[in-house]
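Take a look at these structures.
Here come two complexes built around subunit A, the first alongside subunit B, the second alongside subunit C.
Moving on, here comes the complex of A and B:
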């Protein structure tokens, strides 16, 4: 496959969903593409990519704290072609629609993003804690940028400790 | 040297515990047990169960989820018991210092008798740590 064919897949997607729902598209080289996606259209776009272009594999889901908002990045893959869908999520409403019923592989990644950044996957079949410790308090999401390590320790252990404190 | 000290220092049986290490320290601990470096000449044997062991060799930065298991396995060892902290992570958290899930060192959880610095420490350094521990007991 060449870069033209991969660009065509992305252009087809923009034509199908409109430029207001899928924007900032980038195809830097063959087998790699990026796009920003509206949160409301994410499920439709993932389903369309799966059914029309064979994106059946989700490599991972990453959560990014961009400071003014969050960004959840869905890394899809089809026959070596990696397509990253970036979904901006506002800080006052940290939720994304779950895509577990479309791509089953997302089940653990969505729980991980929920643990570490507090972006809740709405419609997830089992959204319980995945990787944080058992005695970790609710609502403390360690990868959020507004907290430093001592604030997290104060919330988790009840006191500040470590080399800056002693 | 009393007979108790003699018996204690001539057969220190080890239990190796990986508390979230990256495996580099574990490889060096295993290398120290091979005939090339031969920790067995001091009577040391690696044991599968903490109930048979006298010396706990801990590597890794001790994440929060490991903390309770480390404490529990330490409590299962019969007294007198000793702890060797192997590697920078086990001493202070190493490069993982200030991570939200890292307890920064084995000595925050259980008492440590000897520290072996290095990332990872050489097998010779681990041997030296074992010998220094035995000397402190009265070898």
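Moving on, here comes the complex of A and C:
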């Protein structure tokens, strides 16, 4: 497959869902594409990509703290074509709709994002803790930018590193 | 849960392997009904640590994500960083990276074959395979100076060259590996000891595997053609002639076949690289203080265990804003859970070992019998005794 065919898939998606729901699309090279997607339309777009273009494989879900908001990035793959859908999530409402019923392979990745960034997958069949320890304090999500090694240490162990340690 | 069903927690501690992992098995008599994985016992905060180190320091962190796939992680990391920075690496460096990656695949698959033989109680084959694996370990040591964590790749190329006068010797070593692997393929497909314990064990069909997004030899043993080297070629894999290996057995035997056949292909690739490697520079200069432009890149690599993704975001500094790593084992756990359901307790070790995870489950198992409210623990010796009794009935 060539870069033209991959661009065509992305253009088709924009045509289907409209510029307001899928924007900032880019195809940096063959086999790779990125796009921003509205949170409300995520499930429809994932289902459309799965049914129309064969995106049945989910590579992973990344969570990113972009300072003014969060972004949840869904890396879907159809054969060799890796398409990353970025969903902006406001900081005061950290939730995304779960896509586990559409792509079953996402079951662990959504729990991982919930642990490390505190973005809750609504509708997940079993949204328990996956990576962090059972006795890890509630509300400490290490990949959020406001947490650094010192503040996590203070919260978890109640003491600081470095000069303050007696 | 009905009155007949018991919950068995297995794991998380295993003193020998580096990735502890826990499984809660619900069993009805001998049959596994449900499995619940629990990971994170080895969460080291690598992604967070990478956000505060520069691109050269991060090379050494990514290499230590895993001891067996260290070179795969470095290939993916350097590839992603070079794609963001628009750095074009020399042609010779690409060949050397492929050479290292395939040597690592040979060593990892042979290691797995030995472990699998041990798990099914065929220890003679375990000793044979690991003896022959020393050939590729020696070869890796001769190329890089190390038996694991080779530190070969760097941003902009590779750090060590392949000296031309060694090629005839390396060809001989690779020939020996191919010869022994062909012998193991014959053994695996004819020896009754293996067939009895491998055929039909941990079966998962093609549709289920696609549905659960499995990858690597785990998925290729169920007939899914998912080799990243063929689907989205990176480095020079689109120029190299090699077979896309997949079988539709779907069980442990399929996994043995996929991995051994891939070793033969990897030997072919290594020999092709030695025959065709061009002369030239092995790296372009990259300064640790060098800033990368803003941007992002997804880099997919076919590691030994499956599809490996590194996703990096740069905000214009000399360190990544965010670097996401997903190692293949996490992606293969949903399909592993499905493989275990409906199997016997005695088949748990080989089924879990079958996907080549970075852990083994069998060292200590605590059995919890809900109805009678008592707990007992099995060591791996007791478990293998139980396994022998179960299979000799």
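Everything that follows uses one rule, which is that the second predicted complex is superposed on the first by the 160 of 166 C-alpha atoms of A that agree within 3 Å, B and C clash if a C-alpha of one lies under 4 Å from a C-alpha of the other, contacts with A are read in each partner's own complex, and residues count from 1 in each chain.
One rule holds for everything that comes next: contacts are C-beta pairs under 8 Å (C-beta built on N, C-alpha and C of every residue); 3 or more make two chains touch, one makes a residue touch a chain.
Everything quoted here is computed from the prediction, not taken from an experiment.
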| item | value |
| --- | --- |
| Touching partner for A:142 - first (subunit B), second (subunit C), both, neither | both |
| Touching partner for A:64 - first (subunit B), second (subunit C), both, neither | second |
| Comparison of subunit B and subunit C by subunit A residues contacted | C |
| Which superposed partner A:80 touches (first subunit B, second subunit C, both, neither) | second |
| First (subunit B), second (subunit C), both or neither touched by A:133 | both |
| Doubly contacted subunit A residues - partners subunit C and subunit B | 132-133, 142, 149 |
| Contact footprint of subunit B on subunit A as seen in their complex | 132-136, 142, 149, 152-153, 156, 162-163 |
| Residues of subunit A defined as touching subunit C within the complex | 28, 31-32, 34, 56-60, 62, 64-65, 73, 75, 77, 79-82, 84, 103-109, 112, 115-116, 130-133, 142-143, 149 |
| Touch list for subunit C against partner subunit A, complex | 37-40, 43, 45, 47-48, 83, 210-215, 226, 228, 230-233, 296-298, 300, 307, 309, 311, 313, 322, 324, 326, 330-331, 333-334 |
| Parts of subunit B lying in touch with subunit A, wherever the complex brings them together | 63-65, 97-101, 104 |
